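Common to both upcoming complexes is chain A, partnered first by chain B, then by chain C.
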Partner chain A sequence: MPDQFSMLVYSFLGLPLAALVLFNLFGKRVMTKFYMPVGMGICLVQMLSAIVSLVLLSQYNKDAITFSQFWNYQLYEGASYFSPDTFSFLSLLCIGLVGLVTFLVAYPVLPDRRFQFCNVTLVLLLGMNGIALVYDLFSLYVFMEVTALSAFVLIALYRDAKGLEGSFKYLMMSAIASAFILTGLALIFLNTGSLQYDVVQAYLANWQNGPNPVLTQIGFIMLMSGFSIKAGVAPFHGWLPDAYQSAPAPVSIILGGIVTKMAGVYAIIRLVGEWLPGSSVVNVAFMFLGLLSIVLGAMSAIGSTDFKRVLAFSSISQIGYIVLGISSGSPLGFVGAVFHFFNHSVFKSTLFVNSAAVEMQTKTTLIDKLGGLHKQMPVTGTSNILAFLSTAGIPPLAGFWSKLLIIIAVWQAHGGVVAGVALFASIFTAVYFLMVQRKVFFGPCREEWKDVQEAKFSIRLASVLLSCITVGVGCVFPWILRFLGAQGWI
Partner chain B sequence: MVEPGILIMCILVPLLGSFLLPLLGRISAATRNVAALVFVLFSLVASGLMLPGVINGSPMRFYMDLPLGLSIGFLADGLAVFMAMTASLVAAIIVFYSFGYMEHYDNQNEYYLMVVLFIGAMMGLVYSTNLIFIYMFWEISAICCWRLIGFYRTEQVVLRANKAFLITVGGALLMLVGFIAIYIQTGTFDLLELQGRGLDGWILILILFGILSKSATLPLHSWLPDAGVAPSPVTSLLHAAVLVKIGVYVFARLFLLNFQLEVAWQTTIPIIAAVSALVSAGAAIVENDIKRVIAYSTISQLAFILLGLSCGNMIGAAGGLMYILMHSLAKAGLFLCAGIVEHSTHTKDIREMGGLAQRLPITAVAFALCAFSVAGIPPFGGFFAKYLVIAGAYETGYPWLAGVFIIGAVMTVIYLMRVFVKVFFGELTHPDLKEGSWEMIVAVALLGILSLVIGIFINVPSGLINLIVDSIGRW
Partner chain C sequence: MNNELILIVCMLVMLVCGVTAAMSRSMIKSAINLAAVSVALSVLMFVIGATWSAVFELSVCSGLVTVIFISAVSLTESKLDSTTQRALHHSRFAMLPLILILAGVGIIAAIVLNGFDVVSTADITQTEKPFREVFWNLRQADILGQIIVILVGTFAVVILFKERGKKI
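After this line comes the complex of A and B, so read on.
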């Protein structure tokens, strides 16, 4: 593989950093016009580099690209370095995509806060990119904190009571999670002397014979609880709906689309899916967490009266599917979970983009107040249908295929009852989808919404782009399956 | 193997073409309408072109292997071609009728998109040989059905569309659980590899949930009468001619041609069908809404089809298949006639109508022809189908089952005649009525005449049906 290739990987961290410096060097006056375009540009470049990296990885048949930014990691033992693999690049692609969409929506929605928004969002992107790139648990933790901190600031961007409340809840829960994660890391470090992925993986494969099995166990449980809180898996999900609902519209997109997944689910996929696939105790625990999230999330979504809150609960439910897929412990379940990770980024971002469009045009997201918007907002309404159908796992949309893989894997691992319940729970997704669609977009048009306009061009562009991905990936999925089969991943 | 291009085109032309229709609609309404009709007719012609292959015993086949026991497989065997031709023929007539009926409504682009997409999904479903793809097309049809029932967008209409969607999707999800169970047991979703296997009872029950919900059979039937709020061509297309036939088609595909149905089920399913037939026929007798009467009648007639297909002998199977054809034609005609009546009188309550035959003579005749066929009066097509089904039920060794269905048939005559007499005879209630537009008249007349002609030339469809039934190896 050519050396120049690693330059590509530098861009994931270098570009946001450079842009941050530029923004603040020249100050508000000069740069105001450039914030959003630069942000979009960075995200586009990130998507392109991620795609190129994925192609190169499969071309050269390599598992990962190992490099370090500032020092030669081979000289010092235990030095941290980056080693992104296929899953990392897929995450980076999702981050770029959701970031792009966020900037597209923020452009018309936040005309007055561009300076703050762009700066913090770039830090957020930096943090998430770091999570995807690193190769040791401590750096993972550091980037997780970078991500979380910038998310707190973004949620409270307007410093209003609602935003501060949501942000505070997130901050509190996240702090508890951090304490758990840090303690857990310390306990594992006690036994391994290093937190690099391969060392921890090798240790966890044989932890009973390690020096302190009890401490390892406690450490691992704390680590998993911390990640579960960050991922918003039920029953650790209390903060999530408030944070999503109270955040400004573009911020909810990036939160719901990617942040909680990078900050929590990513680590769960790494730890449980990659390192402990054979552990039946962990798998059963996550199976229950997943099922609980699926059912509880969907039920709560049915009972919600706010568009964004419905979407937040729906996220919990969908993350339940990802966790459930991971809990199967098989390669198929892993692929299904990663694929659902991608799909969920796409369709949940679409839904949040649409909620942003509705919020911008009507100044409310309460579904009982809305009604009959489909006629005025046909693009938003239609893309909403597609995204919801994908969420509910209706073929031929992308969400169906990932769910199918997960369900098959779960059936093989945990039996038909669990798989059947998880699959049939999709009907609850259909229920809240129909409820939202009926109250917001169909039905008679209310007097006060007679003059509502379709959303601004860039918002429409965002939702059309995402809908095309949902439909497109769903339609070419048979070929993706062939590719996966040829690679021997399923 | 013959080059399967025509088979792929037959599915893809309506499936992808439907998305062109909104664009064409921006150019002109007429272009879009004609294009919609052309796409549907294309499927009809393409299916017809595949008939020689079926008769020669070398059906067209397309196959692409995928991991996980999946495959993209299409096979144009007798059953598929028969079903595809029935569906696309009736659909083409209904699309033609829509030209007149839908002229004055908003959202016509969406209407034609959904109708043609629905036909595309139907084509995909009948030709698929893979359970997952059958499920996929099944759900596409559910989405189209949901948008079409909710076409008028008022609160109540949308609620009923949602009801239909939830019941059919709920059933389909249970069916999918059953399909995955089959995969776990056998390692494949491919029907051709599953040929001749037995099936566990619980899997069969899960699949039956899907079939019964789609084919609106008791106890999962309640969405169908409610869905009558849709425009009449939609009701006709979905609830009479095509959508509800998906369930019985999949039943035929799975349990006639692929899986062995255990003997116990050959009694249980007919009993479900018998209950469904009688209860819904009773409901049809007391209803006063013309579309609800016909909708209940559909539920009742579907029970006949299910009986024929499940009673486990050749006569019944042939009868069930023939019933699909006859019922599609005649019931589509009845719904379309009801549409003309509703269009002209602006009411659906038969107590407020009377003597309409004086003002709507062609509609009245067409209604009568279709009603005779549904009621099973010789020499109309419906008679042969009904005769075969009841004869098949008798063959099972349970003569009382045949008796129950004869009662059902008598009730059919009663409620159809009641509607006909109330609406078309008696004192004229709406003196200033006019016939529907010429497209509508031609469509209903065509369906009425076809119901009669196909009965006279019964050897044409029965030849094909014999081929299908012969291909069921086990009898």
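After this line comes the complex of A and C, so read on.
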């Protein structure tokens, strides 16, 4: 692959950083007018760069594009550099997509906070892009902190009591997770002397013969506990529903769509899925965590009375599927988990966009107060049906294929009972989303909502764009599977 | 003072401050105790050779995060209703010290049984590279991350404190 292409990956960090610096030199009026369109443009460029990079990796048959940092273009031995691979670029694509949708929704929803929102969202994008690009566990932790701090500020953007409470809970849990992660990293570093991915991977492959196996075990448990808290995996999920519910609508989209996944699930997929696929103890532990998340998330969603809270609990349940797929330890489970990572970003963003549309038009997200909105909001109602069908794993939508791969992989690795529970919980997903759909969109329209109109154009555009991806990816998925099979990945 | 003694003191400080943070009735005191845990953790990391982690823990967790914690507490506390206040004051963490003591005894037993030696482990991480080279040449990604953390900290202060009189 020509070296010039490695410059492509600079756009993931350089563009948001340049926009941040340049726009803060202008006045408030210029920022309010142009900042959000520029944010959307950056996200679009990021999506295109990620797609081009994925094509290049496949064309040149390379695993990753390795490049050094900004002020000294050479790789030092033991340096922390960037080396994005296929999974990184898929994550960067998700970040770009969810970022674009967030800006589209924020434009009409946050007219009075546009430049504050843009500033912090661009930092958030930088943090998540950094997570996807780095090749060193400590750098990963640094960018996780960037992501967590930005998310905390965004949740508390309006400084109302609920927002502050939600963000405080998130920050408190995030701080505990950070302490776990940092201590875990220190303990692993004691044994390896480096935290570069390849060094840690090589060490973990043979950790029993290392200098301090007990220390490694403690370090790994602490690391995984920290990542699980950040990912919102049950039983570490206490902060997640409050944070999602109390955040402003566009912030909920980016939180539910991508932040939690990049801040926690990404690292779990890297460590457990890529580096420790053969460890039976780790796989069984994550199998239980995955199952607990799936069941607990689904049960809690049924009992919730707030649209956004249902989506938050549904996120816990769907993250459980990703963790369960990883716990299978097989390439099929890994591919299923990575695709569910992508699909969940798309359909959960759609659902949060729809909740934002409902909230903007009715000023409430309480399910019992809503009803019969489908006639007034047909685009929102229809895209909501597509998104929840994809979440429940109904064919031929995108969510069906990733769940199918996960359940087949789990069946092969852990047996029929575990796969059966995962399958049964998927039916629960359909049940609680049908309940939400019926109560919010179907049935006779309530008197107070008779004059409600469809959401603004940019929100509808976001909703339609995501729905098209859900249907489109579902339709072409058999060809994607065939391609992966030809590459020898599954 | 030798390294082992510093390690033991740091661990004791972390334990005491951590338990106090969880059990304290005042959120501000909890945040300050958490900062003390971070400071002790930074010293511990520095002693065992994890210099880079120590620097970041000290600057971000003990400094920036504590400022944001205390800001959030001062903005939130007055808004909590009396029921929430009572729930926060309820001594639901009464069993925490006992659980921690049992967990600590378990971990120490595991370490002793496995013949783990902290000091010899620390030798592994001794690096010949000077800190300047490590900081500027080897950890460029982290420096970029640090700059962005400071940036988000600035935004946090501006967004959370500007026009306070109007909104809160």
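Just so we're on the same page, the second predicted complex is superposed on the first by the 485 of 490 C-alpha atoms of A that agree within 3 Å, B and C clash if a C-alpha of one lies under 4 Å from a C-alpha of the other, contacts with A are read in each partner's own complex, and residues count from 1 in each chain.
Please note the rule applied: a residue touches a chain if its C-beta (ideal position, glycine included) is under 8 Å from a C-beta of that chain, and two chains touch if they have at least 3 such contacts.
This structure is a prediction, so every number in the text was calculated from the model and none was measured.
On the shared subunit chain A, the superposed partners chain B and chain C are arranged side by side without overlap. In the superposition on chain A, contact is made by A:Ile218 with chain C only, not with chain B.
By the touch criterion defined above, A:Val142 lies against chain C but remains apart from chain B after alignment on the C-alpha atoms of chain A. When the two structures are aligned on the shared chain, A:Leu13 is found in touch with chain C, with no touch to chain B.
More residues of chain A are in touch with C than with the other of chain B and chain C. In the superposition on chain A, A:Asp242 contacts neither chain B nor chain C. Applying the stated contact rule after C-alpha superposition, one finds that A:Gln412 touches chain B and leaves chain C untouched.
Using the contact criterion defined above for the overlaid structures, shared-chain residue A:Val134 touches chain C, although it does not reach chain B. Contact with chain B, but none with chain C, is seen for A:Ser426 once the two complexes are overlaid on the shared chain.
When the shared chain is aligned, chain C comes close enough to touch A:Leu157, but chain B does not. Measuring only between alpha carbons, the smallest separation of chain B from chain C in this overlay is 37 Å. Shared contact residues of chain A, touching chain B in one structure and chain C in the other, are absent. Residues of chain A touching chain C in their complex: 13, 17, 20, 68-72, 76, 78-82, 116, 119-120, 123, 126-127, 130, 134, 136, 138-139, 141-143, 145-146, 149-150, 152-153, 156-159, 161, 164-165, 167-168, 171-172, 175, 178-179, 182-183, 185-186, 189-191, 193, 211-215, 218.
Residue ranges on chain C touching chain A, taken from their complex, read 34, 37-38, 41, 45, 48-50, 52-53, 56-57, 60-61, 64-65, 68-69, 72-73, 75-76, 79-80, 107, 110-111, 114, 116, 121-122, 124-125, 127, 137-142, 144-146, 148-149, 151-153, 155-156, 158-160, 167-168. The touching residues of chain A, when paired with chain B in their complex, are 332, 372, 374, 389, 392, 394-396, 400, 404-405, 407-408, 411-412, 416, 419-420, 423-424, 426-427, 430-431, 434, 438, 442-444, 478, 481-482, 484-485, 490.
Residues of chain B that touch chain A in their complex: 64, 66-68, 70, 72, 132, 135-136, 139-140, 142-143, 150, 153-155, 158-159, 162, 165-166, 169-170, 173-174, 176-177, 180-181, 183-184.
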